[in-house]
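Could you have a look at this structure, given as structure tokens, before my questions?
Per-chain numbering from 1; labels A, B, C and D assigned in written order.
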């Protein structure tokens, strides 16, 4: 697929190219030495880049007002997932208005391709892809995220509330 | 024969055919909910409207008989408009909770709305609230809000099972189906109501929320539950079987099957199966691959025959195997081992002739007729008494038992195993393990066999009708069929099959992609 | 002017008893009829142009002619399940002249060759049930019912069956279902009840007034009966007038009588100071007529059909200008929602939907598009169901909205009625 | 609630009704009336089971009929069941206001039994007395041409 260019005589003569490259580098070096604030790069990991709110990073399972999981275990995300990394086990809920909920919801993060199809497929705003994108773990760390992690990990501070509330829906008679 | 024209297509139908049946015969689509070929006509969903030339009003196709020369269509704008609104009327009080509903994916409302719907809902009022998750009985759960009151289930209990448990209570849009408080929906055919429910109002407790239907593939098979031999569709995925539903066959089971037959998938799944061969005796078992174990058992058989003659070896068969398997087993046993001691294990002789008038029969083997035919063909006429006396006299040193797949319908299972307690070697071919086998004191080979869904063959039902079936899916791939086990037991090698056919069969298309919307 | 073919003696209390009834020529026509050829009676009724007085206006003689000649037992059912809002003529007839009904029924049964008949009376009419039952006892003891009636060799049994409160049982197949001990849900047609009705046997269902009207037809002959009324709507009819008139009640006039005359002459006109706004001429399921239309309306089947309404059961509901049409439609829609049997989807869901839309307008939550939606939903309910209840709900809805659209729009915009002082009362 | 049983005459009545019509099913409505009469004006689920056994008709069928017709009460009612017609002719003549007035006067909510068990006030559809509107039915009797005051007076005079 790559484009092959026929070498011309002038391109065999590489010294001017090297020099102009070095020149550019030195120019930047001098400029950044005197004006470090103008540098476009970050000192990772001390500094973090702030992505936009629509960035599709790590998954979050949203919760209802009472803190229970919003997910109804319809499995549309799992059906839609191109990487086949979502595993859900559904069960009967004791509250007939809820009826169905997942007793297990696991995402294999090592298989996930962050395509966002799960978020798009979700009819009840139960899964979102949040702004977090760092998922480091030590050797042997667990990359299969379960409900506890997806919905209630400490930095979610008690969980993200879903926009769609079933109870309100029931009250409105929809 | 009557001539008629449906949507421009000329066709001939027999006298007494309703228009909707003619539509089905011609293979054209027509929206409907309440009509079911196995039930009486209710004419209440008002969706199967057709235009008949010469009649000013639209007619419902289910209650109008085809007359000679009728010109019928359902693709005019008038009819389409009526069907669109008819579907909207169905949906105005139907909750839009398809994500939760277990019917999603095989729902009549979803399918037909996609095909005929209005796509422009105007209902802005509150929906009628009704009861949700109502326990109707041991097998079925009702969601009244999802019910579209097509009355199929009520007609089923009135006309087919004749148990009259269900009724439609109240009137108007407050109507809901239900049972009366101390008469739950508890009959041997109750799950048929779930099958015929076009929406997710009635769901099976056994299947509910366990799988999404679009994950399941389907295979055609024959129910091994009794000698009726109902035609079934088996729904499976890579984990195993999930449910069994009836497949229409007017000669055998019509549209229905019993609840008992639906449970037969349970012993097929890995959880219930014998996954590896066991050799040895009580508290001293070695695990082995089925093939190797069968070869080892065959070795033992031949040693016994050398020492005590061929009459020291007996074969016990049950009517749970395909005719082809049984034939191979008997032929190998008689021809290659030279023993003529072949016995038929009858599980419940006293109730063999029972019949409940609908489908269920007392003979709980799918292929008793087939076994009898093979035995007759091979000239075997030994009685069970003969085996008993030979065992008691100690003449028999080794017994090969083709044990039942479905052990629960063999009430005399333990008794029969105990009868063979004194026999030195028992080769027990079985799909499922049993604790009585594990506690046998003398040498035993437990060799895993395949179940009905994992093999091809044919059953002969009580009518004498031969029904063939193909491999549906494979759950324990190393297990043997009875024919393979018999071949290995007599010391022959198996023919190696390429496996392509199997792969092709298990990769069959999803049922729903082919028959969506078919109610 | 009233012409009292049927109701001549209704004001006499003794008419209720057998003796009193006989004193006024009662059961004379029966004796005459039993000497006639049954087929001749059917022909006479056909020739008289008598049409069903229950609502649909189907020619009675023609209906009788549909009976198949296959030797099966036949049943005659009298429809006394008078449920159409605004109608109360059958109650009057049963309470004032039960023997008239019984006589008419015996003659009709003789004509169609039925040995068993039922009078299906709505359960709320406790007085009527008691009086008719009493009259049946008298008739049996006097030999008008039972074996060999009046020595003619004709046997007939009659019984009262009491309904239990369902408007839909006034529909003939609904009534048959109810009589069979089921829910009163109408049955699929075809087969029609005249071919397969009660318990699958040929059955004729007629209204109380129709059966009573057979007496004058047989008595004086078809031609005499046709002298009253118009060419296509022959005879007299009892009209139940209710609503905002000075003298509401039941009046028997010849068909074709002008509506305004009925209101102004017989009923004493409107209350002083009030103006006529609308009239529902045939029970709540008939489309409403505006005051201008009323001026042209004659009370017969054709004239009203021409105005887009119908004669129905002859229940004239007079509405004066103190009423809010939106509120009244709310009342009517509530009724049909309450009474829909729940069998056919368009009616079951449609009546509920219409009721909700109208009430959301009444509660001030309405949207302008709701007004058109009422018409659209109604149009799609019509002619789509087993029985006519769906149409009965849709027709008034369409006519109310189309003819009084300004009131509906005002209600949606302002959240209150255009008519001063006509506040909606929560149902 | 204790199991319901019909009186001896009631059982006789049921047996006679079963034979009276061409099909035993037709007896369901008359028998339900009888049960309602003997069970303080309403039909309890227990009595449906009882009737089902007595008549040999499935409970579901009896319950279908019971729930279809409005004249059978499936909830307990007061000794006097006041039913005010609120259909079109009556509504035009103030029946709805009358109902509100009655409910207020006797301090009872619509459809509920009053504290002393005397009254239940419900609105019903057309009772066929449109010419004499507004009207009400108390148990079996019609009271017509009412005014708010006369209606209150009639109910007060009841036992």
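Annotations for the structure displayed:
Assume a contact is a pair of C-beta atoms (placed from the backbone, for glycine too) under 8 Å apart; a residue touches a chain by one contact, two chains touch by 3 or more.
It should be emphasised that the depicted structure is a prediction, and the values quoted were computed from it without experimental measurement.
Chains joined by the most contact pairs: C-D. Chain centre most remote from that of subunit A: C (centre = mean of CA atoms). Separation between the centroids of subunit B and subunit D, computed from CA atoms only, is 50 Å. Put simply, the C-alpha centre of subunit A and that of subunit C have 71 angstrom between them. Taking each chain's centre as the average of its CA atoms, subunit C and subunit D sit 24 Å apart.
Rounded to whole angstrom, the centroid-to-centroid distance between subunit A and subunit B, based on C-alpha atoms, equals 45 Å. Counting partners per residue, subunit C has 166, 183, 338-339, 341 as the residues that reach two or more other chains. Counting partner chains per residue, subunit D shows two or more touched chains at residues 61, 64, 68. Each of residues 125-126, 168, 170-171 in subunit B touches at least two other chains. In terms of inter-chain touching, the protein chains here follow a pattern that is not a line, ring, star or complete graph. Interface residues of subunit C, counted against subunit D in their complex, comprise 82-88, 90-91, 116, 122-127, 159, 161-167, 178-184, 198-199, 240-244, 248-250, 280, 284, 315, 317, 319, 323, 327-328, 331-332, 335, 338-339, 341, 425, 427. For subunit C in complex with subunit B, the touching residues are 166, 183, 188, 190, 337-346, 348-353, 356-357, 360, 367, 370, 373, 376, 380, 383-386. Subunit B meets subunit A in the complex at residues 95-100, 102, 104, 125-127, 129, 131-133, 208-210, 212, 214-215.
By the touch criterion stated above, subunit D contacts subunit C in their complex at residues 20-30, 32-33, 61, 64-65, 68-72, 86-89, 91-93, 96-97, 100, 123, 125-133, 137, 140-142.
Of all the residues in subunit B, the ones that touch subunit D in their complex are 164-171, 179-183.
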